[in-house]
Structure formats: structure tokens, C-alpha cells
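Several structures are given next for inspection.
Shared between the two complexes below is subunit A, which pairs with subunit B and subunit C, respectively.
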Partner chain A sequence: MTWDWNAVSDFMPQFWDGLLVTLQALALGSLISFALGLVWALLMRAPSRFVRWPVGVVTEFVRNTPLLVQLFFLFYVLPEWGVTLSALATGVIGIGLHYSTYTMQVYRAGIEAVPPGQWEAATALNLPRVRTWQVVILPQAIRRVVPALGNYVISMLKDTPMLMVITVLEMLGEARLFAQEHFQFTEPLTVIGVAFIVISYLASLLLRSLERRLVR
Partner chain B sequence: MTSGLWELVFKGIWTTVQLLFFSAILAAAVSFVVGVARTHRLWIVRFLAGFYTEVFRGTSALVMIFWVFFVLPPAFGWQLVPMWAGTLALGLTYGAYGSEIVRGALKAVDPAQQEGGIALSFTPWQRMRLILLPQAVPEMIPPFSNLLIELLKGTALVSVMGMGDLAFSGNLVRLALQESAGIYTYLLLIYFVIAFLLTRLMRGLEKKLKAGVGKEPQRGLDTDAELKRAQTTGVGGQVA
Partner chain C sequence: MKEPDANTNPPVDGSELIRFEDVTKRFGSNTVLDRLNFSVDSGKHVTLIGPSGSGKTTILRMLMTLTKPDEGTVTVDGEKLFPAPEKQLREVRKKIGMVFQQFNLFPNMSVLRNITEAPVTVLGMSKDEAEARARELLDLVGLADKAGARPTQLSGGQQQRVAIARALAMRPRVMLLDEVTSALDPELVAGVLDVLRDIARTTDITMLCVTHEMNFARDISDQVLMFDSGRIIESGPPEKIFSDPAQDRTREFLSAVL
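After this line comes the complex of A and B, so read on.
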């Protein structure tokens, strides 16, 4: 087994570029999944089952099929339909859409965990429906779900390497490029492997302190 | 699509199913060994098991696959057949998630059961085998069912390494036909059908196992489980 520190230092500039792209994809993907997940969760509480049923089927479908194939679909099919997006934008949409079907379940659980007394109190105070959601239900529900949402951000981080297959140069993409140019696979792949472990471990420590503060 | 191309897709399905089967077995074995080790009385065993979980859950499955395919051969001088390399990478990664399920279910067994075993002077191994596991295993099935679906989705990753699984055959068909919408729709549908069948299978298993300990399977949205789901199919646990 040979380990070449020079290869590591040569790889570092590309590594930082890749890290930046990974974090961009992660931040934008998280925003999409948080927003879209809440939309799905609210639609699942719609009074009409003609709304609930299609939303349920679509999200179930997206959740149970591989993100990799969904990315291929978006990357190759959207241009055929006349929508041209950059690779990174396609990847962000793909990852955000995929994870919105998970965050949706988290929001649903959080909303159902709000005690029924809160609903009854809102009715007793004659609060309008929109107001009930805004000031009574959602603030309590979201407080409860922040740790679970954070865990999905970490899961999402570990799915960002998939963006490599649609030509996005995130960490794994950069590592593969470097490996093919210099024919040194061990160093770049190990560096990014360790980077993933370190980032996700730090993020999980951060989350746990957040959890202690929010959930009492 | 011509019949030759369909044949390619069917071969891909078969490879995916094989890979899913082998890596699920490896992942289940790893889950139980590591999960039980995390309840061991020696701190060093607990620490090592926790370290394993944290490392393998911390890294990305795709990075792990790259590592097994490109770093293991020069580092140790042996190269695995693609099927076994894929099985190894997926089994070890998803086994780490599974160990969290096993640990959680063992911890959720009523402590009085454990104490009863001690009072009857069972050995630790007897307590695990005769008291804890029979009660904990039925509770593990729903989270394991979710994890199995995640594993199915994970098998698509080996296509990046050129292994002829379902996703890979889909890419070949796309190149042959120069048309993407149709084949990727079929691909997603096939994955969905496999996932659906697996869910049914696991529900049947849950029903059977829970009947064995006099319980009913749970229906509907399990709010507690959903809030914890990211921990058992994503990251977020803690060392030892």
C-alpha cells in the first residue's frame, strides 16, 4: 500500500472547489425539500381526497425509486421537453424533490403530534383557519421536527455525490477527475471519504445540541 | 423498444435482484453483530461497534463503492468480482444503518424482562437469545422494511461502476434509442414495483412475527417512527 502526500496536496485546490459545489447543492436542495415537503404535508390534509390521493401516490413513487435514476430522468428528459437547465440546477431540483417526499412525512408527524387541545383552543378563540395554522399549529409542529429535518440534511449531504453522474463537479466528481488525470485513486478518494465522515459527524454533533435546546 | 433491448432490461433486473439479495443478507448479518455488540458489557466492544457505525454511516454509499472498486485492489493486492465488490460496499454501509435499528429495538425491550432473566440466572447469551431478541425482532421489521427500500435504491449506484444492473441497462437502451423519456419512465416503474413487492413481503413477515409474541402490526402513519426514521436510514446517532 502506497500513500503519496504530494498527491494529497496537489488534490487540495480541486477538493476545495468540490466542497464548495457540494455545499451549494446541499444548501439549495435543503431549501427546496423543506419548502416542498411542507406543501405536500399540507396538501395531504386537504379535505378532498381528489387532492390527497394523487399527492400520496406521486410522493410514494418518488420516495421508493432511486434518486440516481430520477437524476438521469431530469437530466436527459427535461431538455427533450424544451427545458434547459444547468447540471447543478437539475441536480439541486432532483435532490430537493426526492427529499421533499421524506420531509413531508416528518412534517406530517410533527403536525399530528400537536395536542388536540391546541386545535380546540384555536376553535374556541374563533381564530380563522389560516391564522390557526400560522400562529398555533405550525410553530409548535416545526419546533418538534427541526432535529428530524436536520438529519435529512445530513442524509442529503451523503447523496450529493450522485450529482457526479450528471456531470456536476462536486467532491466525488473532482476526485474522479483528479484520479483519471494523475492515475492516483487512493489519495483523492480517501481524502473525500474522510471529509464526508468529518462533515457529517460535526453536523450531527451540532444537531444534537440544537435538539437539546428545541425539544424539551 | 425491440425484444433485444427488453432482454437487456430483464438481465439488468436479474442483476439488481441478485445484488439486492446478497447485500441484504450481508447487511442483516452486520446489523445484528454490530447492533448486539453495542449493548455489550465491555466498553471496548461497545466503542469499536460504535466507531464502525459512525464511520460507515458517515460516509456516502457512492464514495464507499468507489473506494472498494478503486482503492482496495492496489492497496491490498486483490480485486473483487464486481458483484462481490458491490455487495461488500452496500452491505457494510447499510449494515451500519441497520445496527442502529437493532440497538434501538433491544433498548426498547422492557428492562424487567432483562431483570427476570438475571433472576433466573440465565447467561448473557441466553438472555439475548431467549428473552431479548424474540421480543425485539418483530419491532425491528418496519424500520428494516424502510432500510430495504433504501438498499434497493442504493443498488442503482453500482451502475456508475459499469456493473450491468437495471439502471445501467437503462442507460444502454437510452444510447441505443437516442430517446430518454420512455426508458427512464419504465425504469422508475420497475423499481417502484420491486419496492412495492418488498414492502408487502415485509408486512407479511411483521404480521407473522408479531403474532408469535401476541401483538398486532401497526397501521397508518407512525409519528414517532417517522421522526426517528432519518436516524436509522440516514445519520445522526452517537458513538457508544
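After this line comes the complex of A and C, so read on.
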């Protein structure tokens, strides 16, 4: 087996396409998981168990079934119900939804870690409930959970190749396509492997600087 | 039901503001308040003393609506607190400010914002007006230069003085002071107590004060309530309680803390 630099340069155009899709999936998936996870976490604190119970069941179900199965389900079953989305949109929603069931637990821990004295001070000042969440509880809770959320971004990055199975041509998809066309596996797979490491590393640097800025 | 407006009905000094009637509170099998009865008149400074766990803090927390009685009624300015709809509780809370043992400043906000947040959101004060007022209050508590600081950059004593300013910014008729110096290093206690002495002397705010600082209690109180096991075992003016208590239990307690 020999290393062929020509294969690397031949792969590059497809690689950039795949990288872009991977980064899109990661960015949008992260946004959805951050936003939806917060919604779940807040709903789980609703006074009514008729809110908490269904949210608990749904998120437990999503968390405990494989992402791969969920992706297939969204991709093949949703169109039967009349919901037609692009493969990438389906993938982003799938990955965002799946990870939101993890980020909700991160938020929950962050919210619970805010000392009860903060709630009491807000009550003593007669701050409305919504305002208390907005300016007292959530800013403190979210600041605490940035590192944990960041870890899920890295996890999510490593799950993006699953989108390949619903025809999204992210990095692995492009690499496989190239390999099948040229019968050269080593070069494209190595290139994307390196790309995953580089993205993880850059993401962790970004997170660390964000952490430093938030934790004062 | 129409709420009486505090502005059109100015409080008459000496009228009854707070009343506890047969209030009982249990935590598990532990009875912290045992059919408690007492009342506080407007403008008075009342100090609650007694051993830990005798229910003093629970009384303040009840008035601040942070905890509910199991039995009995609590009335503030003629309005019954429990049970009451949230709207009515909010009206009652407007009249009451509380300063906590652990300060409970909002660490994510500047000192100034800690003080202006509630006046702006709750009282609908303009930001400029609230800030001007906050600066006056910071000046009053001797922290005029700390407006832009974060609470975590301040000493415990300074944080507590900010917390006092924050409570005053809401123009409460009643201030609840819950062991406000217990979490402070000894050398920081005097600064906080001086500020409170000042407020007690220069305002007509009704004060309920749980403290172990007996000299302070003697200075500011109109009345001292001695608690033991969830009951008031003795009450009276500070001169009487501190120099010639009627109960052996009070004498015992005072000799232990003085």
C-alpha cells in the first residue's frame, strides 16, 4: 500500500464540500440542541405534571433510542405524513433533537446549582417569575454549564457521519463516494480523520476562551 | 377586591402593621413555631432573640412569603397572607424588604444593577431615576465608589451593605433583617451595624431584626422578643429584658451570648 498525494489533491474539491456540510450540520444541530434542551429543562419545571409527564416520556424515549434509528425514522416516515424536508434539514433536526435530550439534563443541573438564596432574594424584591428566570437564574445557570454543553458539541461532531445514511454528503459521505469511484480508500479517509481532529481541537479552544470570558 | 393604596392612605405611626395569630410551623416532627401570637406596630423596631432553631428566622421568612405556616394566620397591613392569591402576595411583598444572612446579591450583575433591577422592573421607575436613587443609597451605606463593581469583588461587609441598599431601594415599610452580620468577619460587623443604626434613627421604617448582636439590639429596639422552642417566653423594652429579665431561661441565654 502506498500513499498517493495525487489522490489527496483529487479528493480536495469533494472534501471541501463535505467539510462545509459537516460544519453546517454541527452548527445548526448545536443551536437546535441548545435551544430545545433549554425548553425541555424549563418544561420539566412546570408546576403541572400534565406538562412534565409527557415531556419526560418523550425525552426519555429519544435519549434511549439510537440516533441512527431516529434518523431513518425522520427520513423515511415523516414524508409519509406529508412532511418533506431536505436530507440535511432532516439530519440537523434529528441530531439536534437527539442531543437536546442530553443538554436538557445539563441545563437542569445548572439551574439546580443556582443557590436557593438567589430565588429568595428575587422573591424578596418582588421580581416577577419570568424576569427572575431571565436576569437572575438563567444567566447564572448557563454560565455554569458552558463547559458541559461544549463537550456535547464535540460528541455531536463525531456523530455527524451518521447523516451519511440518510444521503447527506458530509465528510464521510464524500470520502466514501470518492473511494468507490477511485478505489482509493486510505487517502480520503485519512484526510477526513485529520479534519475531525482539527475541528474538535479548534472547537475546544473556542469553548475554553468562551469559558474564560463567562466564568469571572 | 380593591387593594388599599399605600400612597393615599399614609401609615399612621403606631397602628398595627403585622400580626401573627396562633401560628404553628413544623418541619417534619420538629415544631419550630408553636401557636405563636404577637403583633408589631408601624414604625417600631423589634428584635427577636433566642437560641438557634427557636423559630426566629422562620417568622421573617413567613412575612417575606418564603415559607407558609401550617396553622394560624399572618396579617400584614390588614391583609391576610396565607392563603392568598399571588397578586395579593405581590402587593404585600411591595411593603417588605429583606436582608439575608448570606447577602444573596446577584453575582451576574454589577452593584448598581443589583439595586436598580427591582425598582425598574417592579416599581416601573425610569432607569435614570433608579440609578440616581441607587447612587444615593450607595452613598448612604458608604460604597459610593463601588457602583460598577461586581459583588464578588467586595468584602462580605460591603456585600451586605449593598444588600441593605438594594432592599431600601424598594422603599419598604418593613425591613426584615435575618442575622445580617452572622456570616461576616468580626472586623466587618461594625460597619454594617452602623448603617442599620443610621437607618433606624433616620427613617420611619418598621424593623424586625433577628440578631445575636445584643448591644445593637439594645441600641435600636423598641421591643425585644425572647424566643425558646417556638414560643415567645418573654417580651419587653430592651432595658428590661437585658438588665432584669423575668425568666430564668432568658437570663441563662443572655449570660451565654453576652
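The working rule: the second predicted complex is superposed on the first by the 212 of 216 C-alpha atoms of A that agree within 3 Å, B and C clash if a C-alpha of one lies under 4 Å from a C-alpha of the other, contacts with A are read in each partner's own complex, and residues count from 1 in each chain.
The rule we apply is simple: a residue touches a chain if its C-beta (ideal position, glycine included) is under 8 Å from a C-beta of that chain, and two chains touch if they have at least 3 such contacts.
Fair warning: this is a prediction, and the values are worked out from it, not measured in the lab.
Of the two partner chains placed by superposition, A:R52 touches none, neither subunit B nor subunit C. In the superposition on chain A, no contact is made by A:H182 with either subunit B or subunit C.
Between subunit B and subunit C, more residues of subunit A are touched by B. Of the two partner chains, subunit B is the only one touched by A:I154; subunit C is not. Of all residues in subunit A, only 1-2, 61, 64-70, 72-73, 76-77, 80-81, 102, 105-106, 108-110, 112-113, 144-145, 147-148, 150-152, 154-155, 157-162, 164-165, 172, 175-176, 179, 185-186, 189-190, 192-193, 196-198, 200-201, 203-204, 207-208 touch subunit B in the complex they form. Interface residues of subunit A, counted against subunit C in their complex, comprise 115, 117-118, 120-121, 123-128, 131, 135-136, 139-140, 143, 216. Across the interface of their complex, subunit A is touched by residues 64-66, 90, 93-94, 96-98, 100, 102, 104-109, 117-118, 121-122, 150, 152, 166-167, 170 of subunit C.
On the subunit B side of its complex with subunit A, the touching residues are 54-55, 57-64, 66-67, 70-71, 74-76, 149, 152-157, 159-160, 167, 170-171, 174, 179-181, 184-185, 187-188, 191-192, 195-196, 199, 221, 223-224, 226-231, 233-238.
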